[in-house]
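Scroll down for the structure; my scribbles are underneath it.
Going by the order they are written in, the chains are A, B, C and D; count residues from 1 in each one.
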Amino acid sequence: MEERLLSLQEAVSRYVHDGDVVAVGGVGRNRSPMALVREIVRQGKKDLHIVGREKGMDFDMLIGAGCVRKVSFALVSLEEFGLAMNFRRKAQAGDIELDEHACNSVITSIRAAAMGLPFLPVKGMFGSDVFRVSKSLTEITCPFTGERLAAVRAIKPDVTIIHAHQADKFGNVRIQGSPFEDALKARAADRTIVTVEEIIEHEEIRANPHLTTIPYIYVTAVVHVPQGAWPASCDGYYESDREHVQEYASSTKTPEGFQEYLEKYVYSGRS
Amino acid sequence: MEERLLSLQEAVSRYVHDGDVVAVGGVGRNRSPMALVREIVRQGKKDLHIVGREKGMDFDMLIGAGCVRKVSFALVSLEEFGLAMNFRRKAQAGDIELDEHACNSVITSIRAAAMGLPFLPVKGMFGSDVFRVSKSLTEITCPFTGERLAAVRAIKPDVTIIHAHQADKFGNVRIQGSPFEDALKARAADRTIVTVEEIIEHEEIRANPHLTTIPYIYVTAVVHVPQGAWPASCDGYYESDREHVQEYASSTKTPEGFQEYLEKYVYSGRS
Amino acid sequence: MADYSVAELMTVCLAKEIRDGERVLQGLYSPMPMIACLLAKNFYAPNMVFINTADTIDPQPREVPFSTAGPALQENAVAYIPLYQTFDLAQQGKLDLIFLGAAQVDKYGNTNLSVIGPFESPKVRLPAGAASAHLCAIMDTVIWVPRHNARVLVEKVDFITGQGYLTGGDAREKAGIPKGGPRKVVTNLCIMDFEPESKAMRLVSTHPGVTIEEVKENTGFDLIIPEKVETTEPPTPQELEFIREIDPKKVRELEFH
Amino acid sequence: MADYSVAELMTVCLAKEIRDGERVLQGLYSPMPMIACLLAKNFYAPNMVFINTADTIDPQPREVPFSTAGPALQENAVAYIPLYQTFDLAQQGKLDLIFLGAAQVDKYGNTNLSVIGPFESPKVRLPAGAASAHLCAIMDTVIWVPRHNARVLVEKVDFITGQGYLTGGDAREKAGIPKGGPRKVVTNLCIMDFEPESKAMRLVSTHPGVTIEEVKENTGFDLIIPEKVETTEPPTPQELEFIREIDPKKVRELEFH
């Protein structure tokens, strides 16, 4: 096993490239890999195709900062803090390509990649305009039963970014609460960067293999970033910082406000 | 939550029916649900379609005892104790229908059922006579990429039988070692019967939800059967009983020998 | 003034839509449904299965979280379940109900969370429908609307994100999605269901103090008004006590600010 | 008599087929491959990834188990991985090598573990090929044969369970399975590979004390004999020490009883 510990700066500069398909961990504002998102913004990555199910500030910030070309998603929202305004503005202006999905179709697109397959079938979808307008969905017939199903095109992430609880220096990762699709996204991707609250001893991993949720074979880089999900929550470690999310939501009401936010919290900051 | 604790006799008589598709847990002679297998033999269930990946004495006994109509499998063998002789005899006599698979195609057939789908694609298979002779496999084309793939027909178990380590009385099950496909088989089935080494308190389950490998929503009956995998191994509890497997292997060299084995260890026994 | 808020009333109405033994999924940004599931399990449906966006089964939080995928929804759960396995359950026909929010709901229960205006050049780009385009096609839904007005309850949605009864009648069957559909729509003014033949929306009960006229005025289509319209039962003191105890920070009021 | 058994020699030969960094899957009833993986990781390929039928990654058993899915293969592992996720890795092209046993192996490396005689009415019904029909089509394999004789090494297998090079040449490409194929065949007599153009089996080395004639006599087809045939390197004392320490019960000898 090779050591995979890097700094945030190194991990993003080595493993996130302009034009990449990037799967982003977490749901809503829970265990979102915000330190990695801020580092991607700081390094000014371009033309990313970001992929996730129900996303919030993470997607909105990447989109607002001009890092994004295409979005595969089932929801982008700040929950009780309202619409994700960068997402809304750029979408309405036609500045980003929208690949709108249902939760299960976008997860299935990642599941297909994790299984090494170019597509997978799903049920449902018919009768929705989401299905009608989508280039990622089409109709297929079961060769055994004749049943009509939707087929979902695989989305293979070049890189998956995740925030987790613990890892050893070789990249054996533990998620200790809500799994979301994070392990699936890691298995689907060519490269995976994981920020963690704590680095633990390798012996600790071997003593409890049943607690390893993402084995090192799926992990490219581990970065030690306590509070790496902030202002999202990290279960067992901290709650989401609602005051900050409110500040974010208010700032994004105008492009200028968002620029000020970035100056204050991202460009100046180290994580 | 309803209590789901039953006796072995009750669980099998209520939930295993003649003609059922039965998915069987464990691999080789590890965590095989042997107490359940013996009870099925004792109750003289008929025309079962048994499904598993790499199976041993469990399948051979069910087949030898005349419980089986059809076998979906990728391997039936007694490992170092040689060919599974009941399987071999009945197969050569044409008494059982063989649905031969590769490990991944038979697992995929269960995975499809667990996903609620009538089929799933897999890679590989082409060029093998397993693919050529199979009624469960056919060719399909990816509607996005044009890639040729094998399609695997779903196998939906009416009932899955598993031996696990612990459960509470509501059916929240813990598998504490090698997972095999047991949780997948439980999710795929209409009903699942789990024998366990230990019944634990419900509070213990709620204190450690991350240790629950099969939640109660997938479990129909729990039976407390210490040594319920014997003579297979149950990791963390006991090794496989090689002397007994040797005795089984020797006995099955003739149909008469196998009948004597059944009299001695199954019909007379209580588990 | 009643001694309960409209959020409290709606939460109780949502809870009563859950039948005992049902498996219910609560989604993201679903404050009232989250509390309704906990209420139902404690009051009317002890054997319901509560699955949520924190990926747990049957949690017993001391206090509900603001984000409805938040860590508190892990407390005392019996197991974790990744959402994609819950969708597998739904595809097997083993998930019974999901609560659904929407920016627009039309006469046939179709919901829109995608765009106001045309899809390619929208006037307003909305957050999208989360699970809806998948789940609404294969299972039952209950729709909740915190602001019942003619811009939300419209004749025809701009975009069908979540399938209701499409164009009514047997349109779902014809589209290849025969199973499921919306059971009820619970708003801040009333409860509505769907007339069995036409599948058009129909008034069931108005909330205490709300008139039928008020409902009609605030609805952007011809709502079916049956001969008998009940008054929605108000929350009991026991229900209110439970809600206020589990939700001291008033997460239930988030959609009414 | 050499001071090592043929099982020990074969185990070392199998281990040397593993390249550093490769991800290797060891299957059921694979005593020598199991020990070979542990040997390789300790001697030649420290960064190989050892995945096995006990569904673990990189275990460090004190003593190898008889059943090669047995509990000892969980000791000190870094993680569990259900076999279907390992197959997903294979489908992604991220699993590098699997060891394969067989009842028959033919000239082009096709293997049979299904039937002797016709499929529908076999003379002998064999156990079937486990992972082979899937994995042999998409990745590299090494075949091991404990009893090299003309009934095992045949001109043409009765049934292709595991795909070798089919009818040789570019037959795999034509069948739609361009990737992978057998690298080597390691028997109790020799090591063989496949001639790059014809994909026919070719002798590489004979084990110490075994003649080329002996190999030819025990092979049921015309084996390619190149100009230069080496003698297989015997195990070193260090290799033997490792094998005997990790396998005190002689699991490695199981196939030679």
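As a working rule, a residue touches a chain if its C-beta (ideal position, glycine included) is under 8 Å from a C-beta of that chain, and two chains touch if they have at least 3 such contacts.
Note that this is a predicted model, so its numbers are computed, not measured.
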Identify the chains in contact with chain B as well as chain C, in label order. A
Go through the assembly and pull out the chains touching chain A as well as chain C. B
Does B-D or A-D have the larger number of C-beta pairs in contact? B-D
Going by average Cα coordinates, which chain is farthest removed from chain D? C
From the mean C-alpha coordinate of chain A to that of chain B, what's the distance rounded to whole Å? 37
The distance between the C-alpha centres of chain B and chain D, rounded to whole Å, is 27
Measure off the straight-line distance from the CA centroid of chain A to the CA centroid of chain D, and report it in whole Å. 40
Rounded Å distance, chain C centre to chain D centre (Cα mean): 58
Out of chain D, which residues touch more than one other chain, so two or more? 56, 74, 80, 90-91
Going by residue number, chain A touches two or more other chains at 116-117, 122-123, 177, 210
Under the stated touch criterion, can you name all the chain pairs that qualify? A-B, A-C, A-D, B-C, B-D
Along chain A, where are the residues that touch chain B in the complex? 116-123, 138-140, 142-145, 147, 149, 151, 153-154, 176-177, 210-211
Parts of chain A lying in touch with chain D, wherever the complex brings them together: 1-2, 113-117, 170, 172, 187, 205-206, 209-210, 212, 215-217
Touching residues of chain D toward chain B in the complex: what are they? 28-29, 31, 53-56, 65-71, 73-74, 80, 82-84, 87, 90-91, 113-114, 119, 121-138, 159-163, 166, 171-172, 175-177, 254-255
State the interface residues of chain D toward chain A in the complex, per the touch definition above. 23, 47, 49, 56-58, 60, 74, 76-81, 85, 88-94
Chain A residues touching chain C - in the complex, by the definition given at the top: 27-30, 53-54, 73-77, 79-80, 83-84, 87-88, 91-92, 94, 98, 100-105, 107-108, 111, 122-131, 133, 148, 177-181, 184, 233, 235-236, 239-240, 242
